[in-house]
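Below: a set of structures, written as structure tokens.
Across the two complexes that follow, chain A remains constant while its partner is chain B and subsequently chain C.
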Partner chain A sequence: MESRAPRFRHLKGSVFWIICGIALAAIIAPAVAVVVSVLVKAAPELKWSLLTNTTLNVQNPGLQNAILGTLVLSLGVVVVAGPIGILGGIYLAEFAPRRAGGFLRFFSEVLAGVPSIVIGLVAYTAFVEALHWGFSVLSAIIALSLLTLPYIVKTTEVSFSQVPRSLHEAAIALGLSKITTIRKVLLPPALPGIISGMVIALAISTGETAPLLYTAGFSDHNPTPGLFNNPIGYLTYVTYYYVGQPGARDQALASAAAGVTILLVLLLIFGGRAITARQRKMVARLDV
Partner chain B sequence: MILVRRRAGGPPTGPARVARTRSHELSTGDRVLQWVSGVAATIPLAGLLFITIILVVWAIPAIIYSGFTVFTSDKFFIGSFYNPNFSSVNGIVAPYGASYGALTFIVGTLTSSLIALVLAVPISVGGVLMLSEWIPRRLEGPLSTFLELLAGIPSVVFGFWGLTVFGPFLGAHIFPALSHLGVILPFFKGSWAYNGQGLLTASLVLTLMIIPIIASTTRQLVKRVPVLASEGAMALGMTKYEMVRVVTIPYVRTGIIASALLGWGRALGETIAVLLIIGMANNPPVNIYGTTSTLASTIAADLDSAFSDGTGMAVRAMAMLGLLLLIMSLITNLTGRLVVRRISSEALPVGRGV
Partner chain C sequence: MQLAGTNVGTQEAVSEGVSVEGLTVKFRGTPLIEGISNLFEPNKVTAIVGPTGCGKTTLLRSINRMHDHVAGMQVSGKVVVEGVNVYGADVNVREVRRRVGMLFQRPNPFPRSIAENVGLAPRAHGLANRGNVRDLVQEQLTTVGLWDAVSSRLHGSPFGLSGGQQQLLCLARTLALSPDVILLDEPTSALDPDTTDHIEQLMKKLSERMTVLIVTHNLAQASRISDNVLFLMKGNVVEATSARTFFHDPADERSRAYVSGRIG
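Right, the complex of A and B next:
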């Protein structure tokens, strides 16, 4: 390249960087466009009655049943996927032999790549149909848990392995048992990371539709106790279903649900990020 | 040159793991925790096996019924349930006229995801290079938030936006201009739906959905390019572009390939956004704007009508479509993650790159 005229080399560089600039714009502009245009569409529909009425109300439909249903399902994910994922992450970080750990980690990440509709279809055939659970809260929670488990495992493992080596060594020098080491030494600095992983898992389960369509069913009523044969409403379905309906009132409801969904999910994601950022600072201070 | 062209690798980052205590040194409490957490750690693998086994078992009758026509026929019809006669092939009974050819959906899935991939890779890599080489460090953080924003937008919101805002915009302003390309590339010729529903709109939305996966991996790897190599390149009198071409790109290439495979896997399986945007026609697209369906969107759209099949074959046909989709996404995922094992796997996001 030394033989070429410098002007030609600079021209080539300029063209390359202009293309890169366009590419960066092609990332930023749509991200802003999606959020802004959905929120602008939703803004006029965000009324107090969304929280007090259910989708059953024909005159003035609201989202109460869908919001409560999404909360119930998220709580279920915390209860089911939370402990399993955190324990699994602890095993991978603290106990697993190198090869077995690599093997389990690999397939956990592969599970994260399974399309969500496939998980929904399997939960439908296995639980809703074969086990006769019907459209049910439990089959929906299992489907969402399968979907979010890999994230929780991964974030827990990463949080534990980011704890400075000096703390591990200090615990060993003190002759602490593994359980005490984990509880008293490693868990406090790892906790914010684990929580942020859980928060992101919640964001994912709040935003998913495909695994719920044929497991949760949908209900225009508020959630009732009962894990089996008990369909439940959720936010994303309202957008999915009503955007395909012709009426102006239906379209308005779809917009409102899309706005509420995006607000909730972004709140969770950036909340989770803020926790992670704080943890990094804290861990950096701990290292001696 | 030899020094900077070496394969991406480098020393492991982060604190090295402390040697693990042997199990005979563990107390009872420790052993219990080891066992319980060990069981928990196998649950993702068990889940993956469970998903595969259920789909295979459920799909077998539909596979026997259709044989190889799954791949060769584009006639997908779950049969007329009210006809007193039944169709029987290879001893399997299905509603009259049932035919489970999946060619349309396979073509729809592959074309929509490949168009998305071809667009997303250069956009992600170019955008990240711009971000890391030219944008002041103060602005880099805030600008990268947009990647997280894109990763966080739920599928159904993308679908809603594509159906009500983006599609109509494309149909009114962009497609008329694009159709002039038809002179050179015939598949750009022809008509499109007034609201933009169809293959190209779906592919463009898929592009946005997989950019975060590719971009976040590239960004992490670009940060790890050895300073000595890039500064050395500048010291040799290379322009910034030449430095990127000779030092940065070779260093991140493997990571880009791996994350592109993961992104492809995600585009293959994306359901609700595609279902709302692609138009759900039961035929291959007539041109690049044409309506069609994918495997994932067909499962989501047709499973409820499959319930009413008394012979149960329609649900099994859906399981067969699910199995095809699972195989495709496992191939892309396994290859992507195996490729990346040679570099640090921490750079690769789990799932959608949130």
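Right, the complex of A and C next:
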């Protein structure tokens, strides 16, 4: 037994590394495969007119209305889900009594587990139908906000609860109020995590189709002011709809829309990293 | 500034130190310190010593009500700072903490610039404004002997400083609120000898204008800087006396054993 132990440990070690390698490959391979295959397919279709024409143009259809629509909806998510999610996360991390916290976390998890198509359906029934908002920017923004809220809440809560206890104690010992402590002491180290959460939320909003089918409708025109009874275009719809159309021009538009969606998501991810890198530097070596 | 609803301890009042009366702290019913009474004399350095786990930190943290923020901690008895029981009904806890500063074992600067570390709390308490906070920052950093080292990087991160410099920054941060009492929990145990010596000198000097309580495991340090000693064992006071008596002619056999290194 004694003499076999090191060898056995060595074997266990290699098995562990092999499993780690497989797990890593299982994450990296699909991500790379999806990005590469979509971009390869879209590359020949990417041309300047995509940005200048709308889907209304039959001869040379573009994505202007869809891109602008996606940006408007994302902005809406930042404005609606951002503050609610961040404040909710701060409440859970810093204020919630145990019972209330558990209750809220439970519902947040349930919401995260609801399929996006169901959220779309509920938003349709409540806003489009019952409140007579019709296919509208606001219905779409609320549906996307419901979808992304749990992520923002969770990442905010985790970011705040990871701030070292010693910083809380320093703030308490100086007689700082809870609000000052949160704003001036806890927020800087929590910010990179919160921004990552917002980036995930935006990536989800950019990539979702199901909840928007019932709420945003679609429009071949560029977005116009007006939250109610005002359908709006978005990128994933173009992929979803035109991929089912027979013509080669329509297929090309679908590929281009998929490519632009992926590019937008990549832009979000790298943009988020660039913003948080500076912040992380300031709070680096926060190992107290 | 008033500590409580009634007007006590005006700014000109002679410091009264800290008096602890029948102080008991329990964690989920189990006593950690039991019925401690002691007067921490004003303008003196009192060293709190004793074997590990005897309740030194627990005692120190009851003076600025840090236990309020730990679930399961119950405090009973009185802690009187400048004539006011800090556990009294109408006490302004934040003002108590303004007057009773605390320095921790490990430096814990805020993740903000060096200047903001010092200026943040005075701004929050209304003791400084945008116009004069810079002078206050310079004054406090000078007091702790850090000004020359950081004057060119006031807006940089404190995490580029050495551990000792970070601890001095934390001291400046605490002194910026002009406390009457300062609580130190093994403030030099993680530091190099030079910074330790520097902080010890500062403690002596600061005791001219405030009451200093220092928890230390280092008896040599206690004998170097303290005027009085409070010796605890198992949550109780064994001996409270002058440093001179404690180190040279203690009354209690256990103190004798502790000083000679046979306990703890």
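Keep this in mind: the second predicted complex is superposed on the first by the 237 of 288 C-alpha atoms of A that agree within 3 Å, B and C clash if a C-alpha of one lies under 4 Å from a C-alpha of the other, contacts with A are read in each partner's own complex, and residues count from 1 in each chain.
FYI, a contact is a pair of C-beta atoms (placed from the backbone, for glycine too) under 8 Å apart; a residue touches a chain by one contact, two chains touch by 3 or more.
These numbers come from a predicted model, not from an experiment.
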item: Contacts of A:44 with chain B and chain C, given as first, second, both or neither; value: neither
item: Which superposed partner A:254 touches (first chain B, second chain C, both, neither); value: first
item: Touching partner for A:172 - first (chain B), second (chain C), both, neither; value: both
item: Touching partner for A:226 - first (chain B), second (chain C), both, neither; value: neither
item: Chain B versus chain C as contact partner of A:273, first or second or both or neither; value: first
item: Per-residue contact with chain A, leading partner among chain C and chain B; value: B
item: Touched partner set for A:239, first chain B, second chain C, both or neither; value: first
item: Those residues of chain A which chain B touches in one complex and chain C touches in the other; value: 164, 168-169, 172, 177
item: Chain C-touching residues of chain A, taken from the complex the two chains share; value: 164, 166-177, 180, 184-185, 188-189, 281-286, 288
item: Touching residues (chain side chain C, partner chain A) in the complex; value: 64, 66, 69, 93-98, 101-102, 104, 106-112, 116, 120-121, 124-125, 157, 159, 170, 173-174, 177
item: Residues of chain A defined as touching chain B within the complex; value: 1-2, 9-10, 12-13, 16-17, 19-24, 26-28, 30-35, 37-38, 41, 83-92, 94-97, 103-104, 106-122, 124-126, 129, 146, 149-151, 153-154, 158, 161-165, 168-169, 172, 177-179, 182, 200, 203-204, 206-210, 213-214, 236, 239-240, 243-244, 251, 254-255, 258, 261-262, 265-266, 269-270, 273
item: Chain B - residues contacting chain A, complex; value: 14-18, 20-21, 26-27, 29-30, 33-34, 36-38, 40-45, 47-48, 50-51, 54-55, 58, 122-127, 129-131, 133-135, 143, 146-161, 163-166, 208, 211, 215, 237-242, 244, 262, 265-266, 268-272, 276, 296, 299-300, 303-304, 315, 318-319, 322, 325-326, 329-330, 332-334, 337, 345-346, 348, 350-352, 354
